[in-house]
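Sharing a structure below in structure tokens format, with a few things to ask.
Every chain is named by a letter (A, B, C and D) in the order it is written, and numbering of its residues begins at 1.
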Amino acid sequence: MTRLEKPALTAFVWLALLTMPWWMNAIGGYTELASRVLVLGLAAMALNFLLGYTGVLSFGHAAYFGLGAYGVGMMIKFVVPSTPLGMLVGVATGTVAAAVLGLLIVKLRGVYFAMVTIAFGQVFYFIAFRWNSVTGGDDGLTGWKRQALDLGFTQVDLLGNDRAFYYFLLFVFALAVGAMALILRSPFGRTLVAIRENERRARFLGIPVERHIWLSFVISCFFVSLAGTLYALLNNFVDPRALRWDQSGNFVIMAVLGGMRSFWGPLVGAAIFVVLQDYVSSHTENWMSFVGLFFVLVVLFFPRGVMGILARRRATDATKEGA
Amino acid sequence: MTQLILFNVFNGLIIGAFYALMALGLSLILNLSGVINFAHGGFLALGAYIAYSLSPHIGFWGALVVAPVATAVVGLVVERVLIRRVYGRDPLYSLLLTFGLAYIFEDVLRYIWGAQSVPFPIPPALASPLSPEYFFLTGYRLFMVALVAAAVVALFVILNRTKLGIRIRAGTQDLETVNVLGVNVRILRNLNFGLGTYLAGLAGVLAAGMLGLQPTIGTSLIMPSFVAIIVGGLGSLPGTLLGGLLIGVASGLTTMFFPSATEAVMYVMMGLVLLVRPRGLLGEEGRVQ
Amino acid sequence: MSAERRPAGAAAPLLHVDNVSRHFGSLVAVDRVSLTIAPGELRAIIGPNGAGKTTFFNLISGFFPPTSGRILFAGTDVTPMPPERRVAMGMARTFQITEVFPELTVRENLRIPLEVAAGKRLALRLSAADDARIEARIDELVAMGHLEARAHRPVNELPHGDQRTTEILTALALSPRLLLLDEPTAGMGDQETYDITRLIRRLHRETGLTIALIEHDMRVVFHLADRIAVLAEGALLGEGTPEEIARDERVQAAYLGEEVHA
Amino acid sequence: MTQRTTGGVTRRTIIKAAAATAAAQVAGPFVISARGDTPVRIGLDNPLTGTYAALGKNELIGCQLAIEQINAKGGILSRQVELLSEDSTSGDAGTAVQKARKLIDRDNVNFLVGNVNSALALAMADVAAEKKVLMVVPGGHTDAVTGTSCHYNVFRVCNTTQMEANAVAPTLIKNAGKKWYYITPDYAFGHTLQAGLEKACAANGGSKIGADLTPLGTTDYSSYLIKAQAANPDVIIFLPQGDDMINAMKQAVQFGLDKRFHLAGAQQELEALEGLPPEARVGTWVFEWYWNQPNNPHVATFVSAIQKKTGKVPTARTWFGYAATWTCALAANNAKSLDTLKMAKTLSGMKLPPEVSLMPDQAYYREGQNQLLGDLFVGQAQAKGSTAEDLFKVSTIVKGPDAAGTLAETGCKMQWPA
């Protein structure tokens, strides 16, 4: 657990991400799809910080994702036309909301925790949906755009240049993922894994379980709201559906599909989910059935996710060689 | 003014009764099997559509009897084929499974009955208000409340007087013991799921008489039901009933004074309940953790 | 911590349980029990099934609060404290059903309590010196449990006896002043029972650790314990040295139907 | 590989017919098989799931019929036309924008068509403007599309809300009374529609005595209805659309409010009337297009063509899709180019030919706003007319230019590229 993934895998992932705009276009995708994979991948990895590494199931992460998105949108629209400042406000909004609500829910467990997180998530959905004069309500928050990045010596055009924006996303993604890895490798990260593995044991080894779950929830929501700000910048638009419970469900399925016990799993899951949904929904208007069926199949046949299956295969191969 | 408030309180109770009916079905399944049935809204819509297709042949009353039973049969099959496989596993999987099922339900219903709303006629006798003064007390609404009340009474009789019901209640308390006592837990859970989806189907037929019948008819009703369960107290069916009525009244009154908070108010209520009494109004101690 | 030998009646008790009861609805699981354990003592708690032994341990360790009564640990009233604060004061426990971190290796299982005990539970990194110290402690503990060969394997792949040993080691990693062991030999074969008994005995003799243990196997109890407390139907039936307890008629009556190994 | 319609054959049928090609395409999800003669592509980014699915599907059917006809008449610039349809979902702007970019960036469509949801239409218009692709909005009504947020390359078929309000207000004042209570959906469409009605109502001597904003997707309207009747208006104005309209009207009629007040509104659609039980098909409304236009042979041909396709009469939505697709073809063929600027120049001020316009007066795109001005059909909903599908009785036909107001009022400041 100190080492999250094999270095070779990590190197491969980074290489794939660095070159994604090329191969995504080469296989017939488009740069925007690559950007979407990155953003939703970050959201799924953030969720997995809580789900896979603390063992706590939140079904309401879309709320904080959406708060991040509204934060950056409203900041740019109403206050200062600055991308980094907007992001800062978006992330702060999501994190503070999580910190407050987290206090209410850390005592709950399992299915009840999930249920209450969904329900509280809906509060933010309805605020965004109903507070028309500020959020734009169902029409969404329009009339703002991501701003060029002023680095002092040069300006980076994020709006007109798809590639530049992709690498901007990748840069933020790298920082976030690096920070997550750092935390998970630390003694604090190990207490989270301890809680996932055995809450009772963890508590009786002196870990204040509620406080650590709260911290994990807040950290996870910090990163998911960061992903939310990126999502808003990607669309130049925010609408209440970004914080609705079905979005939360999508994050969870991405994490599970990729493999909750793997650091990169959720990213893999997000890539598969986004590309598959894009593909199927272009083919048939009954794509919802396919997505639903996909959920069912994952649950019944791939509960450990892609990375879990790969890991197990490696393990079996190793046993065979050993024998 | 007083009259308006009174109107809204009554009206809230009517809507609340409806939430409660749906929430009771969800609650039954959750208590015994630990599964949050996201597809409950799908079962509701299915019941409504079955009633819509049957009513030209067997009339509203026939449909009211048959459609919930047909929904329950689908429920039994779904439980038998799919839901059963996730019992005892991380709740994550039951959530995802029923979440996926909800997608499939919506899409299949759209495929069969079309995306457009279809009209579901109710008996003319029920379709008008009792008096112009109390115009919101239509025959249909009163009938709905009466039926919900009857369903609730029947449910409590089933749970307290029949062998099946007593086993369900015992299983809710302590599944292992019930198992040891030789009750077939698989069949128990199956029938219990059927009972839950029966209630969803019944709610569906009632909803179709009041709302536009289209594939997403159940979607907007499922969240209030969740909240009703949490407010009322996990594990307590009377609590669920109470929770449903409370949020109905709260939403009704809020619409009057501060319309844009109509939905938010039930979540605020939930937050308050969790803050003051984490197990819900009538919830059992220790159940939430 | 100091390694005083043998209990001394005069010394301030390490643990003082004062007239503690616990009710579950109408059921009285623990009924007005008072008990003191002196520093360095090895105390066994015995009693027939359902006597309230585990409930009693749960009250001491803070699993749930008592309905009435007080618990003092090292002179401090810990009654309202959550478990983790009692752990911080030096109380560690194991469970009747093995509680470990199943997917983690033995070494990882030990590293977590060591880091917590070192006050690093919120740390984002360890200094090289801290890390070396912790590694050394892990080596020491692994050696103590004779788990060197299996220390890098996930615990759930180890035999039951090793899992129980690992659990005891995780508790020891906290360097506790009081160790509560709930049926350490439950579900073990003769050899494993022997190994665990030896480990406990060594701990007690060599480090002077204060230990309270619940045990069903009377061979173990009479072999290890300085003093024995007997619980029956939630109440304290008797207390004394193994010899006194063996002779006590009430104890034998309580065990009627259950075999007493002496 | 998007759902395509080429001459009425959907992509899926083609796949069935040519299994070998299909296999190649399935093998690599995105590999587009090479075609000898590149067809002209129209990308439809419209809802097929969710609240607006029924409306989106009807627009799709209209588009498909238009594509068949265009190809039968020689296509666009003598090239075949292909329709690529994507599900924008009913309200998820992220998806709608993603699909728009997909159609433009990957599929290189020449035209973008959509969206039923005004908010999504606005979001898509931003993409179209950024990518300089000609866009036609078939059925998103918010004024901003051809008002404050107008673009030189974005055209709209359906009316603005202001036009609908102006069309219905005089009739309502005359037939029903002057005190109006509004039940308005809480999004841009509803806001502008209510504002439009208030303006038109005041201009005709009426007044507002109350209003409630109801969220999209409201199921229970009883609280709002209780408030509305307590205010004792002459008319209760229902502005929600689709399923919300159905819920609201169904409940209002069950409460017997139709017997105490005049129930009315502005925009009404055949889809909604079909979803209502007969007794709830009441009130004064505006239809933007109606299929029962006696003595118009072009309309009769169109109606029977659609009936042949679907077994049902076309709705206004079907016509929106039809007219929008034909607009693309006319723009290119008249401009003799696929250049966006040239096509936009040609379209502005262009009249639709009678077989596309399908109404008493020929509709045309008003210059400086890119808004189609056609006739509006004011009348009463009815339980059943000449046929089971004749649910609306047209009483007045209002000419578009009469309802449209001045160009300055629309707020559009058209910017043409240099």
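By our rule, a contact is a pair of C-beta atoms (placed from the backbone, for glycine too) under 8 Å apart; a residue touches a chain by one contact, two chains touch by 3 or more.
All values reported here derive from a predicted model rather than from experimental measurement.
Common neighbours of subunit B and subunit D (chains touching each): A. By number of C-beta pairs in contact, A-B leads over the other of A-B and A-C. Of all chains, D has its CA centroid at the greatest distance from the CA centroid of subunit C. Comparing each chain's Cα centroid with the centroid of every protein Cα atom identifies chain A as the most central. Annotation: 32 Å between the Cα-based centres of subunit A and subunit B. Centroids of subunit A and subunit C (each the mean of its C-alpha atoms) stand 42 Å apart. Between the CA-based centres of subunit B and subunit C the separation comes to 49 Å, rounded to the whole angstrom. With centres taken as mean Cα positions, subunit D sits 75 Å from subunit C.
Contact with two or more other chains is made by residues 106-107, 110, 260, 262-263 of subunit B. For subunit C, the set of residues that touch two or more other chains is empty. Within subunit A, residues 129-130, 132, 287-288 each touch two or more of the remaining chains.
By the definition given earlier, chain contacts exist for A-B, A-C, A-D, B-D.
By the touch criterion stated above, subunit A contacts subunit B in their complex at residues 51, 57, 59, 104-105, 107-112, 114-116, 118-120, 122-123, 126-127, 129-132, 245-246, 249, 252-253, 256, 286-289, 291-296, 298-300, 303. Residues of subunit D touching subunit B in their complex: 48-51, 53-54, 56-57, 186, 212-215, 217, 219-220, 222-227, 229-230, 242-244, 246-247, 250-251, 254-257, 260, 271-272, 274-279. Subunit A makes touch with subunit C in their complex at residues 1-2, 182-183, 186-188, 190-191, 193-194, 197-198, 200-209, 212, 215.
Listed in rising order, the residues of subunit A touching subunit D in the complex are 27-33, 36, 129-130, 132, 136-140, 142, 160, 231, 234-242, 275, 278-279, 281-285, 287-288. Against subunit A, the residues of subunit C that register as touching in their complex are 61, 82-84, 87-88, 92-93, 95, 99-104, 108, 111-113, 115-117, 120-126, 167, 170-171, 173-174.
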